[in-house]
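Take a look at these structures.
In the two complexes that follow, subunit A is the common piece, with subunit B as its partner first and subunit C second.
Moving on, here comes the complex of A and B:
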């Protein structure tokens, strides 16, 4: 006799501890290599760093054992590893800026602060939010909060314009990007709205060209919020964020209704918008030029594709195994610590390292989709799928832009790139995903095979 | 530090990154592969037949690849179930003294990959030396010679049991 048993879902806290140990080793080794090549390696200091990260990760692990014992075991280690590699790269760029350009930057130290705050935020999400379904009560609140956050940079005296994009606000001497948080609020709004209205959206409405379109009154609130947010972002010249937002909207609509007509309509609208934007806005046309003709002499010398080409040469010099952490020159590319951190990592860790980093993202996204299948309530399903899809699309837009697959748009690489708002917002996403996965896997254990 | 140890550390870092990726995938294997096949009691059967000097029909892997051992196409003398239509056509299951579950769930004895079957579709169990069949509340019903099975019905040799697109016959 043979039996076929469905594998039991294990709580996985012990597996998480093991994986956390590996990520801890990655984080400490990255820092050690960077410090060694910058000739500032002090073993005592490294020891303190190792102790502090170990304590932070251990603390997070203990909190998970106490408050989210069934949560997914691989999310936390993967995110910690990405964060640690990012920290090492940013610190390494600080040294390079000081050495070659005489610029005194302290991105690395600042980013450590943001990372700790991010972990604390994720843990407080797990501690305070015991059931993700509570968020559904705040569907419309989340929609309004999201819009207000998108509006904030336009408020005179509060908003700051940097490099032609008006997406920052200045609070207490620090600049924040409220759009990063608005993204989460919007996913919550879409999930809450779609779970209530998906049946009317799918089944009721006139048929046109063989595709069924929803009635205006069902679609109204959704369209109003969507159009307002998109217009604001276009006005603030935040290309990457508007692309991301449009994609999240489309993805969640598809997950909720399973209508391929949505995807077709959305992509057609998007293609139309992209062409029109290329004709109307000079800054969009410049992006297209820099993408399609990156290596043309006149495009390059006009500075349009300088950054992109620099990043590509950096990655090429990295080759298969990279120059080694701290041994390349990623600082030659402008914004190597934020927009182009993927190119910096590609240069110093090579294709092998970059693929490992992308595989970590893949695992995180796969976990989000898996928990969306596992969780019982429709809101949780949509929320997890939305957050996972947002993450996947964001990584695609960034990496695609840097590797010249799509036009370059300024978005942050989650957990890797320098930037406080992005770090905090993405750690909140981790907290939410851990909370949903706790619910999903707990119910799987109760039922059993 | 010497050049060689730095180079080793440089590659060690890449190996460590991939170690994390592969370890994470190993932790997730339950989710990725879904079910686990364990052969139960094979050792005991093999020992017994070795003592009698019989040749044991080696377990053949069925077309679905899910199950080994329990479905044998060799043993024709004992009572057995034969699948005559459907995706598992040609498979036989020897009937012992234990009841048999038929359905789509991987925990069933006879796992049928058929959209018209329920997860646990019907049960075939021994009673008073014969066999009975009962429907387990399936969506599309179980039919014994074109008669719907509501209460447990006797399942005689040569009867045709239809569930979804699959027909099962009691033989031997």
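Moving on, here comes the complex of A and C:
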């Protein structure tokens, strides 16, 4: 055993405290700027906000010291910073909607509630789940739960269709996106299933055209979940989630089996599916048109690319350094507080701000992969890599859609976009990652000198 | 499982690089184009958020921005909007810009490169960006006299200073008030614009420089005379001037206005032919000179060239490859000869300025908000339209027109006025356009002017001499008075 003093330095809680202070300063400053530009800056009110966020962050930090002392010190400050910037932007949009459209919205206040709930959930995960390996016991439960969650919006009377996608359910007057939670359940299921069957998946099975295919009985459950989920996507018309789900599956399969042939086959299958969908479904074709010919006069005037081009105009007007918080017109883009919060941030914080945000995501994701390599159990490895990759892919799909790298699909931007389900689900991911990293780094210390 | 996890993290890195690359493309590399896209209303909103510079006439702002408490921050305000609309144009949140508001937009809004240091200063001083002020060459008094004289008759008046090319007056009628398009209510702007567009006489058209160009009629005989003088004719050279001239290759004939007889013996001097504006004489003259000579002379006066004054000016046109009879028609300013009122004022100005055509301009000085001069327009020779000797001869011929010919309506006591009437046919059933172009004093003109009254404002029997000449006279008189007081 190392000495207590050594252990604390290596654990990184002090580094976490320092980083938390930086992100706290960013959160409070962002809000101060928003209020100042909207001419509603009241120092006492800002003081309360500073105190409350400080207390929440400090509380989380203390809990970490007590229950996950060796967890990754970068994760929590990075996520807090993203969440705080999102809160400031959403509050700023409330002011813009009131000023320019006479719309009285309180997205900002609601989102604060969801953020607090999210942090509480992440902390409960750390408090309740002392060892991530326990989750492996729930592999099949998670698979079923994930499926049910994906299915829920299709239940008559419960599911609600909003903007052509049937991915919401209505509970007690609130709409929830169960798909956000299903994503986590699916990662748990894949991790548990793949760690058990990876040897048979890798080694057994018939060889065909130089590729070794798994035996049907190994492949069966995976195929069932995958096909079922994809089918649901078609019925729920949620292209983004479909892409995300399929990507997570491929990524984790690759990590588990190390077989690039799987990835190639999967990508080819997906490309085929994408082309067929473009031919068969008019709404998918419209998405492609809106992406490839976004600036064409007819495509734009038909409304297909109105939102995308609006976001691009916003980002272009922001330029390198942005208009400044409260100085642009992000409200001109539909759903500026949710789908297009990235464009809103690009407009007001500039390319500089957007790069910083992307860098934060990249840091979080790379830390997750770091944990995957550091943790010793296979289940933990797959879980960490799966959660990290899920996060990365979600950011890529939504930001790529807004910046025209890929067609625009509806997914939420983790911790930034307005919306309760996404906020809660992604804070749960933070809790899980912190728990795994605690294990990973503790084991590293035990092995160390 | 570590190795594939590591590889997967590299793939993630590549995905993020793609995002960063495309964000850079949108926000920096392609930003300029996206910002200039007319569908991008942010650019307009941002412009309105700036303190836009004024447009100045005679040292006083006629257009300026007033701070207001709405999302646009500033209200564009037009004093004497209808009077100066031909120059200022409008500035609308819905329909964009026109006139100087458009052509000088970068200076007015403060985004021009020339204002870089001003902007930098503002940035450091923490002040709001301000636009430059644009000072026009217009003379408010002349502009008002010209507008009053024209009244509500559709037409245009353009007055130039022959020695510099400064545009002293530019009036188009009917006009409109840019203020109604400057409202910040989209609904109000839309209905006002609809009303203007649906008005049949087209108040948004700047007839002085950019409307449908007009047939110049007999005023084009000045160009034909200049071509003749250059080809060795003198004012005394005898021309064939029959009562009716047969058009080669057709059964049609050219007659004179109201079938008048030019000369009892079918012959008259060039000078007399211009004085009474004899059609048959000039038609025959044009055919003898040949199209090539006429075309070159018209080009010397500016035909075929689009100008930037800095408002865009429609090029005046000539027929392409006309046959003999078409040359005859063109020589009296009919067929496919077309000219803007500005072009005809340029003809008068060049003749008055010893044959030298100065490039016309509307913007004199541009000043930064701190009153530093950003740019001044220097007078510039556009063409040597004719020799000094020829221009002296032509001037004398034009003086005769006013003293003893068709242009008597423009006589000013104690001053020699050089002028030329025009009555341009537009169709069998519509009254002709009434033209008058002139300059005064004839020996060293302070002003050159072109007046057109469309379809003689419906007054049948009117000619350039009876209705257009008095307008020109009033403006010239005012100009001479101002010149004597040293105010021009």
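The rule is short, and it goes like this: the second predicted complex is superposed on the first by the 439 of 449 C-alpha atoms of A that agree within 3 Å, B and C clash if a C-alpha of one lies under 4 Å from a C-alpha of the other, contacts with A are read in each partner's own complex, and residues count from 1 in each chain.
The criterion applied here is as follows: a contact is a pair of C-beta atoms (placed from the backbone, for glycine too) under 8 Å apart; a residue touches a chain by one contact, two chains touch by 3 or more.
What you see is a predicted model; the values in this text were computed from it and never measured.
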Partner chain(s) touched by A:412 [first = subunit B, second = subunit C, both, neither]: neither
Contacts of A:300 with subunit B and subunit C, given as first, second, both or neither: second
Which of subunit B and subunit C A:350 touches, first, second, both or neither: both
First (subunit B), second (subunit C), both or neither touched by A:254: second
Partner chain in contact with A:53 - subunit B first, subunit C second, else both or neither: neither
First (subunit B), second (subunit C), both or neither touched by A:22: first
Which of subunit B and subunit C A:400 touches, first, second, both or neither: second
Touched partner set for A:363, first subunit B, second subunit C, both or neither: first
Subunit A residues contacted in one complex by subunit B, in the other by subunit C: 350, 366
Contact set on subunit A toward subunit C in their complex: 99-100, 251, 254-256, 258, 295, 300, 309, 312-320, 328-329, 332, 346, 350-351, 354-355, 358, 361-362, 365-366, 369, 372-373, 378, 381-382, 385, 388-389, 392-393, 395-396, 399-400, 403-405
Residues of subunit A touching subunit B in the complex: 1-10, 12, 15, 18-19, 22-23, 25-26, 29-30, 32-33, 36, 73-74, 77-78, 81, 85, 321-322, 324-325, 327, 349-350, 352-353, 356-357, 359-360, 363, 366-367, 370, 449
Subunit A-touching residues of subunit B, taken from the complex the two chains share: 1, 6-7, 9-14, 16-21, 23-25, 27-28, 30-31, 33-42, 59, 66-70, 106-107, 111
Sites on subunit C touched by subunit A in the complex: 1-6, 8-9, 12-13, 15-16, 18-20, 22-24, 26-28, 30-31, 34-35, 37, 39-43, 45-46, 71
